[in-house]
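What follows is a structure written as structure tokens; I'll ask about it next.
Letters are used for the chains, namely A, B and C, taken in the order the chains are written, and counting of residues starts over at 1 for each.
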């Protein structure tokens, strides 16, 4: 499943909204690695910076978003790694979709309402593989739609003629049509009903096995990630507060915030737990608490939490290099 | 199809409303504008013509309002809009028949050109925020705040003159006879240049601004981000994704504001003594020629309705969502 | 297996965390908008002239003198007409009529558009169908020719009559915009809640809906004033409204009918036209300010940014800018090409 070879390394990545005095930091010094072939889940409440991170990495963040620091190193299969942030616009355009594609939150609005599905599938193939003959392009698009369960005769449909589930399948098919290394999924199934969610996710698992891409899966629904992803990173207040293998996180979450998140969603399988929320609301980016930004809501907070920012590292009590946490609680303080 | 039928029904309703308004204006307003004029031309007007004016202006006091209304419709359908006093004894319909082509050519074409140019510049201004086009906006706002007719006066003063290539008035060289020959068409085009430029300058700004604002709004739609994420060439994202969608509200805005625009542009004809409907209106106002005024109003309204219908068809072709319902 | 509906309210999945700013601060921000402020100052100036114009005018605008068609001089700042009348005085005196008709017509049209637009959007059903058909009819029928015909049929139309005619024929655009906004407001949760708790329709409209329409009402008022001023001046220019009352259009009417152009008397028609253009621009600027206030995205100036150390950054959709890094933070990774920050 998850090899150790990295495909995308995010290093000290920061994103601001606005500049100068008006600027607020939405993502702070995030370091995260996506390995080849794995599904990495990124969870957090709205405003935690998870979507900002994903859009920042692809430089698709709308104004007033600016990338204020860090690197995003992409490892092409069999090539030299390079920093996505240092690409020129033309290079970035070539990189997009061919190496990293995105499935967006609202399938409803992700498709251009005035063009047929076929037009929108074909223009991306044409842009990246201009040498391919028109017939070959159409064949490729049809194959891909078939793979995601859309019959070829829907090629000529307009987006408004498709159901929500079909639109999202089209988007997934479109995301895979160039066989990218990485697919970023931003709440891809949130707008769909539960049955449709399951179907689409099951299909995604199958497609990943066949095509071997890596997935950065963003959602607020931690229970979905526990089941579906290999590793999970939890974000809060623009930082990653915990990172672990899904099973470890589910069984033994270390950060009080992860604990709270897990308790606030029903698990789809396994024993039923009582649902509980996290008191308080996500922090306002304009007035971040000092120290650990979670401390005002944390049931275990003590003096140090409001004074110093905990760094992400391997927790002292678990000698496990696959996990890391940013917390001052005894036994969880990073070693080294 | 359903969409189009609904629109046609609406325009028929509007046409009915306009004709009805036209019927009531002379009846609701105190005073009797026409009798004195009829008396003035006593003996020169045939009894039929007098009868027709009676029907149009409600001088037929004996008939009930309803039967006046029925007579009025019958007359309008026959194309009988009464006699023009300005061009006595030419029927209003004939006067309008002569001037309508001039107006359609001048106002119609320049309005279309203005929409096309404004939309094009608006696409660029909205896409490349902060470019020199943004600096152009205050200038065009100022130009569009100038009344059309005053800009026309200014254009005549500055550009027209005995030695200039721009004639200051008329639709063609006085000596020529209207026909489809080169000399006449050339002269007509030459005479239409200055009025056309005047209309363009003052109306283009509105289209630039509305298209720019639509582009800015559309640029934050998800499908634009997707188009960028797909790594499509800039031009394709701008035209096929952003502009193509931003155009839709601009086209319906175009249809809705045709009435405003046409009303304003007609005044340019006055300044340039251009032989169109707007100039007719001016002449009619000057000599209190009510039949001609009413005829001008009807023709303008009906033309605007037809133009609206055409704009709706264009919208239908542009937006697949309206094309098929069920 | 289906997941039970989560009862957790504290973890809100989505929804922007933007707090509503206090109304006062927002209003101040509107005035701080450069365009709106410029527009308001110019408008204020013309309002002032409208009030004091007749008192500060150096001459009686209708008084004849022997200085026929004189270019601007220290005696006659804007020159004189064919009858030796002082054009500067005509401008000053005429401002009142222009402003009066513009504002009154704007008020009448705005009141009508609120009445028709809001009730149409709020009532829905057959009332809505009827009222929107009515406003669409008025929207499609060319307003200016209609105004010209009505005004010329009314015997001796003065400023008041002209203002009313314009007001009664140009409310349709505002009504349409207000209807659309009311419709969307009506479906908002807090309005639904107010309806459910049995608040009276009148109270819902005045307390819940109207405050949210302020910006649109303001902008449609300003828009109508622009249209009204243009129409009024046009009416005067083509000689429909009484030419005994001075306004800028009347000046242009005389200039045109006395062949000011042919005589090279540019001063006769330039001041009036410029004044109209400046007033119109000021009103448009106010409207831009309102638009940008309502949707800040439209602001054009907001797109040239500077970093703390003064380097310009261009915001661009689809290509998030990268802030230049301070030198000491140089990284060991080999960079391919340094992208220009512009």
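General observations
By definition in this document, a residue touches a chain if its C-beta (ideal position, glycine included) is under 8 Å from a C-beta of that chain, and two chains touch if they have at least 3 such contacts.
This structure is a prediction, so every number in the text was calculated from the model and none was measured.
Put simply, the chain farthest from chain A by mean CA position is B. Note on interfaces A-C and A-B: more C-beta pairs are in contact across A-C. Look at where the CA atoms of chain B average out and do the same for chain C: the two points lie 23 Å apart.
Inter-chain centre distance (chain A to chain C, centres taken as mean C-alpha positions): 45 Å.
Separation between the centroids of chain A and chain B, computed from CA atoms only, is 54 Å.
Residue positions 220, 225, 227-228 of chain B are each in touch with at least two other chains.
Touching two or more other chains at once are residues 303, 315-319 of chain C. Touching two or more other chains at once are residues 55, 60, 62, 92 of chain A. Contact residues of chain C toward chain A in the complex are 1-4, 6-17, 19, 302-303, 305-308, 313, 315-323, 325, 329, 331, 333, 335-339. Per the touch definition, chain A reaches chain C in the complex via residues 16, 19-20, 45-47, 55-56, 59-69, 71, 73, 82-83, 85-89, 91-92, 190, 194, 220-221, 223, 260-261, 264-266, 268-269, 275-282, 284-285. Taken together, the chain A residues at the contact with chain B in this complex read 55, 58, 60, 62, 92-98, 101-102, 104-106, 109-116, 123-124, 127-128, 158, 160-161, 174. In the complex of the two chains, the chain C residues touching chain B come out as 133, 136-137, 139-146, 148-150, 152-155, 173, 176, 226-227, 230, 233-234, 237-240, 252, 256, 261, 266, 269-270, 272-273, 276-281, 283-285, 288, 291, 295, 297-298, 300, 303-304, 314-319. The residues of chain B lying in touch with chain A in their complex are 220-223, 225-234, 236, 240-241, 244-245, 248, 318-321, 324.
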